[in-house]
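Same chain, two partners: subunit A is paired with subunit B first, then with subunit C.
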Partner chain A sequence: MASIAFEGLTKRFGTTDVVRGIDLAVPSGAFLSLLGPSGCGKSTLLRMLAGLEDPSEGRILFDGEVVNDVPPGRRDIAMVFQSYALYPHMTVAQNIAYPLRKRGVKRAERDAAVARVAAMLQLDALLARRPRELSGGQQQRVALGRALVRDPRIFLLDEPLSNLDATLRSLMRSELVALHRRIGRTMVYVTHDQLEAMTMSTHVAVIDGGVLQQFGSPADVYRRPANRMVAGFIGTPAMAFLDGVVAAGRLLVAGEVVAATGAADGAVTVGVRAEDVTIGDGGIAARVSHVEAVGHETLVTLEGGFGRVTARAAADCALVPGDAAAWAARAERLHLFDDRSGVRLDAPCSPVRGPTPRDEQHDG
Partner chain B sequence: MKGRLARWGWSLFAWGLILLVAAPLVWMVATSLKPEDEVFSLEPALLPEEPTLEHYATLLTETGFAGYFANSATIATATTVVVVGLAVLGAFSLARFRYRGRETIASAVLLCYMLPSVVLIIPLYLMMVKLGLANTIASLVIAYTSFALPYALWLLRTFMAAIPAEIEQAALIDGASRMGAFFDVLLPQALPGIISTALFTFILAWNEYLFALVLVNADDVRPLTTGVMTMLVSGFNIEWSLLMAASVMMSVPLIIILAFLQGYLVKGFGAGAVKG
Partner chain C sequence: MMAATAKLRGDGWLGPLLIAPVVVVLGAVIGYPLFTALALSLFEVDTPTLRASFAGIGNYAELLGPGGRFWPALGVTLVWTAATLALQVVLGVAMALLLNRDLWLRSLARSLVLFPYFVSTVVAVLVWRWLFNDLFGLANQGLMALGVIEAPIDWLGTMPNALLSVIVVGAWKFFPFVVIAVLARLQTIPESLYDAARLDGAGAWGRFRDVTLPQIGEVLGIVVLLRAIWDFKEFDLIYLLTGGGPVDATRTLPLTVYQEAFGLNRMGMAAAYAVAMMIVMLGFFVAYRLAVRGRS
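Right after this comes the complex of A and B.
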């Protein structure tokens, strides 16, 4: 087990900064997800952790010790690659035994360890096969087995589930979480799938353009996104962003007062999540542009002078595209962002008390 | 209907091609088995009436054929070992390491390959004389290496570049050293490419004539190609029967090797064709 820390970590390829000055630290036993769109630098970050890339600047620490110059084989880590990177000419048993063989573990001990891991991952029947004779899910388990056999202090996983079909993916997701709970090792998990990051991690680092956007618990990142990028990246359907104005402690969207707020006067960006929108009689007038019945609920997209929001409605919602509707959002759940920098404004919103919004506007 | 006709047409065309290529070989084998009088018969027959192995016996017992054969085998084997050894390491470097001038080196290698080898004969000969290697087997090994190596490097580099780097990286993380990852993981993956490179080199060295003619002038180091020619072909006479028997025996090693390793050869050339 080991804690991990990055200090001012930067990676440059030629003149391009792929990773820019990342600082973060997770305690021993954490499940850290590096989350971001493709090309954001998360894989490079993981490869630096593994020792496959040298940082251009900054330090990487395991348990407080700088490991920048420690070669991959001596970092006491295991890695599962997105492509699995199994050794094609070796059998499943030889693949799993390889890390032990390279560390001079005796044959009998090796066989016992392989048997133990194979039993855990239900690979017993496949030990004599070669990787190309296995399905994607089986290959993935072999890759995991090769990582598990040695009991390293840190596990690195580079989008290990992205090549699996949806059913298998959700199964492996819960198996990985159970595995993490059981062995208690520090895990670093790279993904572009926010659902994976949210459901599996103890810590999430959202990365975009090589820069750490936010670091916190999954709940933190969801409830208090640090900026528009994080807010828009996390949550399905994506958060809607509307132009708003703050005037005298009131937040207005499309001329309607939607909340009281402590933010300073001026233009702001208002973020609204679908589950916080209710469609009813009062509120901002809109037209239904799109209805998606997902089964247990219906996603209704509304358009109007304010822009576009999506609402989570009941499964039996009868709205059809073209209908007129009005919507309101729970004021205390609105997110305010600086309209230029996109940074979160730490001013809570609250429902407007007393007069109805319409009267309020006349007063203002 | 039309499809069947086209298929017949293609079959006919293919068999025609095979006949064209195979006919001289069949003639060669047939002639080597005919007694002298049948060879010069005014009514030539394809198949010998009284097959005989006397020409083979003559070649092996009364001429220097066995010596030439041994020389050729030595030269081709040595060239193959040297070329494959150097090319595997060089290609690994060109395919996997990042350093200044890597692409320049790769292009220079290709440029060397494009140079017609004829222009190298005289300089090489003079160098061999200076080095005291003229008329030695080593001189031929060096000469063949000089033009087999660029191609081998290029072929193997393409082959290795097509092998995902991630499996080597996985080996590094699993505790292998750089060379350990090379031997444990890359080499087995590159084996088809290595075998086809070795075959290519061996065939080239085995069949080479021009350099052997110029660089070697002593009978005890001559390879088969020039040895057989000087022995059996003169201005006055060509020993057809012996020549054909010699040709058959020269082809046998290649045919045996190719029969066993044909699969690898096709694979290797395929890889070379994908990426230039």
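Right after this comes the complex of A and C.
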């Protein structure tokens, strides 16, 4: 077990900064997700953590000790690769035993360790097979087994579920969480799938363009996104962004007052999540442009002079594209961002009392 | 059903007709020479006149017997094949590993390394004979200038120098084949395997032994078998470099066949050597087929 800290970590390839001055720290036993779109630098960050890439600047600390110059094999970490990276000519048992063999562990001890890990991952029956005779999910478990077998202080997982089908992915997600709980080791998990990050992690680091956008708990990142990038990246369907104006403590969208706010006067970007939108009689006039029945609910996309928002409606919603509808959003759940920098404005919104009735706001 | 059978019966001549050209061509270029060689080997034939008298297995008895040159020639052939092949593989794999790295001017180096393989054997051997020349050859000049040797060495006229020279030139000429095959395979090895091995605690040698070698093992097996067959029957390089000398010290089986046929004018005996050689080659062929089948 080990705590991890990055201090001003930067990686440059040629003249391009792939990772730019990242500072963050997680306590021992954390499940940290590095979340971001492809090419955001999260994999490079993980590879630096593993020692497979040298940082151009900055320090990496495990338990307060700088490990920049410690080679990968001595960092006491294990990694599960996206492609699993199983040695194709070795059997499952040999693959799992390999890290022990390289560390000079005795044969009998090795066999015992392999048997223990195989039992934990239900690989007992497959030990004599070679990787190409296994399904994707089985290969995944072998890769996990190879990481588990030497009980490292940190586990690194590089998009380990991305090659699995949806059912298996959700199964492996809960298995990984259970595993983390059982062994209590620090885990660092790279993913571009916000659902994985949200459901598995204790800590989420959202990265874009090589820069740390936000670091916090999954709930933090969802409820109080630090900027437009984070707000738009986390949550399905994606948060809608509308142009708004603040005037005399009132927030207006498309000329309608939608909330009272403490934000300074001027243009703002208003972020609205689908679950905070109610379709009803009053509110902002719109036209239904798109209806997606998901089963347990219906996603209704509304368009109008304000732009476009998506609403979560009941499964039996009867709206069809072309219908006229009006919508309102729960004022206290609106997110305000600076319209230029996209940074979150920490000014609470609240329902307006007075001329505009907003009764339905409190229904959901 | 009936109609179909009838139709098939009506077209029955079509199949044989379609494969007939292949049968004829293969018969002419493979069957006939093979049969002729087998037949020839049972006769004593004078090459210039082609006058023949039946000898039965006399030729075979002679070449395998105490005065025959089959066993010594086979020995030379095996030494040449094994040694030059080993050098080709070591050199080829080393060069392929080097060219697989991010090297300055890598693409240029990759083209240059193929040069020995593409250059005509006659040209290559002439250049090497210049290098080996005992009066003005660069090999002797260089070694003497460096003080390694005091007097010029006879590279091609004495033993074991002649055999060593042939082996070295053969390795130089044919190692690019190993480079091409191995390099192509090396480029398909996923980088993540090396990353995984590093994290698992494997050093440079460990990564070569546990990742690279098993991955190139398959292609290396095929390359070794192919080159073994080709080196075994190599003629022009050895013939042009030493002509089989000094005496018979570098005379491999193909050179013996040639000498029997056109030097000693014993076409029947040459055919017998060739047939004996073919039987040895058959062993290689069977090994190759078994290896290929074992892989698939």
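We adopt the following convention: the second predicted complex is superposed on the first by the 356 of 364 C-alpha atoms of A that agree within 3 Å, B and C clash if a C-alpha of one lies under 4 Å from a C-alpha of the other, contacts with A are read in each partner's own complex, and residues count from 1 in each chain.
Here, a residue touches a chain if its C-beta (ideal position, glycine included) is under 8 Å from a C-beta of that chain, and two chains touch if they have at least 3 such contacts.
On a predicted model such as this, the values are computed, not experimentally measured, just so you know.
Taken together through their common subunit A, the two structures put subunit B and subunit C in a clash. Look at A:H89: by the touch rule set out above, it reaches both subunit B and subunit C.
Using the contact criterion defined above for the overlaid structures, shared-chain residue A:G39 touches neither subunit B nor subunit C, since it reaches no partner. Of the two partner chains, neither subunit B nor subunit C is touched by A:P351.
In the superposition on chain A, A:G255 makes contact with neither subunit B nor subunit C.
Of the two partner chains placed by the overlay, neither subunit B nor subunit C lies in contact with A:G266. By the touch criterion defined above, A:P99 lies against subunit B and subunit C together after alignment on the C-alpha atoms of chain A. In the superposition on chain A, A:G184 makes contact with neither subunit B nor subunit C.
Residues 50-52, 71-73, 77-79, 81, 83, 85, 87-89, 98-99, 102-103, 146 of subunit A lie at the contact with subunit B in one complex and at the contact with subunit C in the other.
Touching subunit C in their complex are the following residues of subunit A: 47, 50-52, 71-74, 77-79, 81-83, 85, 87-89, 98-99, 102-103, 146.
Of all residues in subunit A, those touching subunit B in their complex are 50-52, 71-73, 75, 77-79, 81, 83, 85-89, 98-99, 102-103, 146, 150. Looking at the complex, you find that subunit C touches subunit A at residues 190, 192-193, 195-203, 206, 210-211, 214-215, 217. Contact residues on subunit B toward subunit A in their complex (touch as defined above): 164, 166-167, 169-177, 180, 184-185, 188-189.
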